[in-house]
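By letter and in written order, the chains are A, B, C, D, E and F; residue numbering begins at 1 in each of them.
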């Protein structure tokens, strides 16, 4: 049970106490995708050359979403992120919009939830902007691909 | 291009004008899952009989997340939701936590983004609470399964 | 158990479904007090004739706090309040700052949580502004004194 | 003094009670500009043909800012906006980025503060994105140009 | 008057300048109670053995509420809390739900307002979840019981 | 193009990476004005001697607005401000309410956006509180007047 650090010895949920942790440079990268029909993907691709395209709106929403993480995830610490980067790309072979987000912090706790939240909010925004054309889209494969800094060391997804 | 309603004729992103739409009862249900190792799923299942369990925290986060939708998704309308319901279940066969969210509104626009956001925030919260034990979890299969009310009629996922 | 409307039949917390309720004019008034030493009360009273006094800051915080209720209380509905009024008065006999808040809505659910939240945030703000002078203050007697509109009828505290 | 509706008879600030007002369609348009050097304006113009340009980011920030109005302006009512539209244009003759925002609501109170807030947040975002190149920019001429709906009738700026 | 640090020499409210203060480990604990009828307390107690009970919802709301302190209290500094812990217990003898919150920070300013806000939001949430059964509940005895770190030294309530 | 630091080499908007910057004491001061008719200015001046006056409400809104900067401006970093000061003064000769805001931080990035946001929100609040009397007010001359700390050195507006 000791691995579920978000509960104290009496079984109450808690924000983990990081007061005594070192402030080190931490980084996390997460990925995810929005899967859709080829027709819908083409709609996004055709917009991409214009200003105000779907990917730009989703990218900004992802950056802003990373900053809202402690408002959304009950036990996340409020953090002063030093960097947020979100990128979206179309993969016609998989009929997917692929999203990658990297967050950084010099602080006492990891930023994987911030990167995962950025990906999720960007994915939801892609969905929102295209939903009038396609109700059967699917958001998936949201996962951590890289994490560095902090006591637990570096993690790289296989 | 007319299907991308979030852009005006000049190509600018916009919040769609729903001033003239009828206020009708609208409902939307979304689903999604967090996939993990059998060991991690067992950790959650073993907590489930105690107060403060992972699923309860995630369920509340999902309900609160639905209310934050217009803060997160740039072109979503602010809405006075009349109902939010979020449920989580363990599926040992698929090593998954399955999440279902239903939102309702008597208003001028659909609530599928609210239901999808509730699922996403609940999934992120499950991830957060178990991430010390398992970094290879994957959030996926977030999709709309039901939508009713409004001009476009009822939608049921196959 | 039927009186705990915030749980469904399976025992899950939920935002109560008010979709089918009538939109009527609803009003709620709450009260509360901050108790302190005579010396501290005098500090506030002496400020009161100047701009930027303690009571004015707390009154505004209470009004803004009422608007944040759905962000703070997990199962509260987001509401379009039509009126918020907060008043603070000094009672030298009881060494107290007394706070009264009234909220109104034309809608489907009551506004007592909004009035109680306004009182609580105003009380916390009084505390914050005077805490350098007095750490033994006490916030108390926060309660509903009036509620009207809706199916359950009018409530007046004794 | 009766014209300062945000104060009650005792001189306390209040959110004006609109419970008894009719819910009508209301619209407001505001304008404003960011003035800068010709060199800085050229930097923005040169970006404009690419994705992720300054004007697109500012336009989205303006739309999202309109939704935050009741969080920012103490005595504004929370509103369920039905439409937000923000446009930005470069005027080389005046070395200005010109911003226009229109908000709509079917409700009990006007939306001029929402339109003015959208313009202000878009202007601040333009400033933020170009400030590394030019610290002497100036935001100005933020004003209401049109307002319709509600008891006070239609207003058009000269 | 020098004890009212939230005003400058001209009488304007201000956020106290802590730029030159040392960043030290700070901790604060606050307490408070919700008083109710024996019948209402029994309703909560009977729920406690199930998932989704009243105390768990209120505990999470308290933790999240602590993070919203700078949004609610006008002159509070935004802080990167390193720990938030909220506990609720039933006291049948006093017909009370007792709430204790402890916040920690390594920073330049104290965290008593965060602890007091956590208690207040948890108390409001208890009230919200039981209000259908009992409108005469009373929130009270919210006070600081411990504070350490910073120039003013350790405070313990008698 | 290198001066537009909010875009990466591929043209995507990003939050600038400040992980490697030094944490130094930073300060920024911004100014702005609300211009109105002499009659409207007199309305504000006549209120000024009472509690709850227009300038006090606007001053608090400005302080709270500074704290919301990262929620409003997409690419701004979340910051733990150590000081916010907002002042408003009437200038009868120019029929103007003049606003000055100073923000401070010990951190890795400048705080000019926080100061400019404080001025903007205070100006919008003045507008809101007087708009029933005067729809032709104009918010203008919002600019940076001082900035110190950080690699780019001290800036003083001419």
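Please note the rule applied: a residue touches a chain if its C-beta (ideal position, glycine included) is under 8 Å from a C-beta of that chain, and two chains touch if they have at least 3 such contacts.
As the structure is a computational prediction, the values presented were derived from the model and not from experiment.
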Contact distance in steps, from chain B to chain D: 1
Minimal step count in the chain contact network, chain B to chain F: 2
Most widely separated chain from chain D, with each centre as the mean of CA atoms: E
Chain whose mean Cα position lies farthest from chain B: F
Chain centre separation (chain D, chain E; CA means) in Å: 36
Approximate Å spacing (C-alpha centroids) for the pair chain B, chain C: 31
Residues within chain A bordering two or more other chains: 12-13, 51-52, 56-57, 59-60, 64, 68, 71, 74-75, 78-80
Touching chain combinations (by label order): A-B, A-D, A-E, A-F, B-C, B-D, B-E, C-D, C-E, C-F, D-F, E-F
Of chain E, residues touching chain F in the complex: 8, 10, 12-19, 21, 70-71, 74-75, 77-80, 107-108
Of all residues in chain B, those that touch chain C in their complex: 25, 56, 59-60, 63-64, 67-68, 78-87, 104-106
Interfacial residue positions of chain A with respect to chain B in the complex: 1, 3-7, 11-13, 32, 43, 46-47, 50-52, 54, 57, 60-61, 64-65, 68, 71-76, 112-113, 116-117, 120-121, 123-125, 127-133, 135-144, 147, 155, 157-158
Chain C residues within the chain F interface of the complex: 48, 51-53, 55-57, 59-60, 64
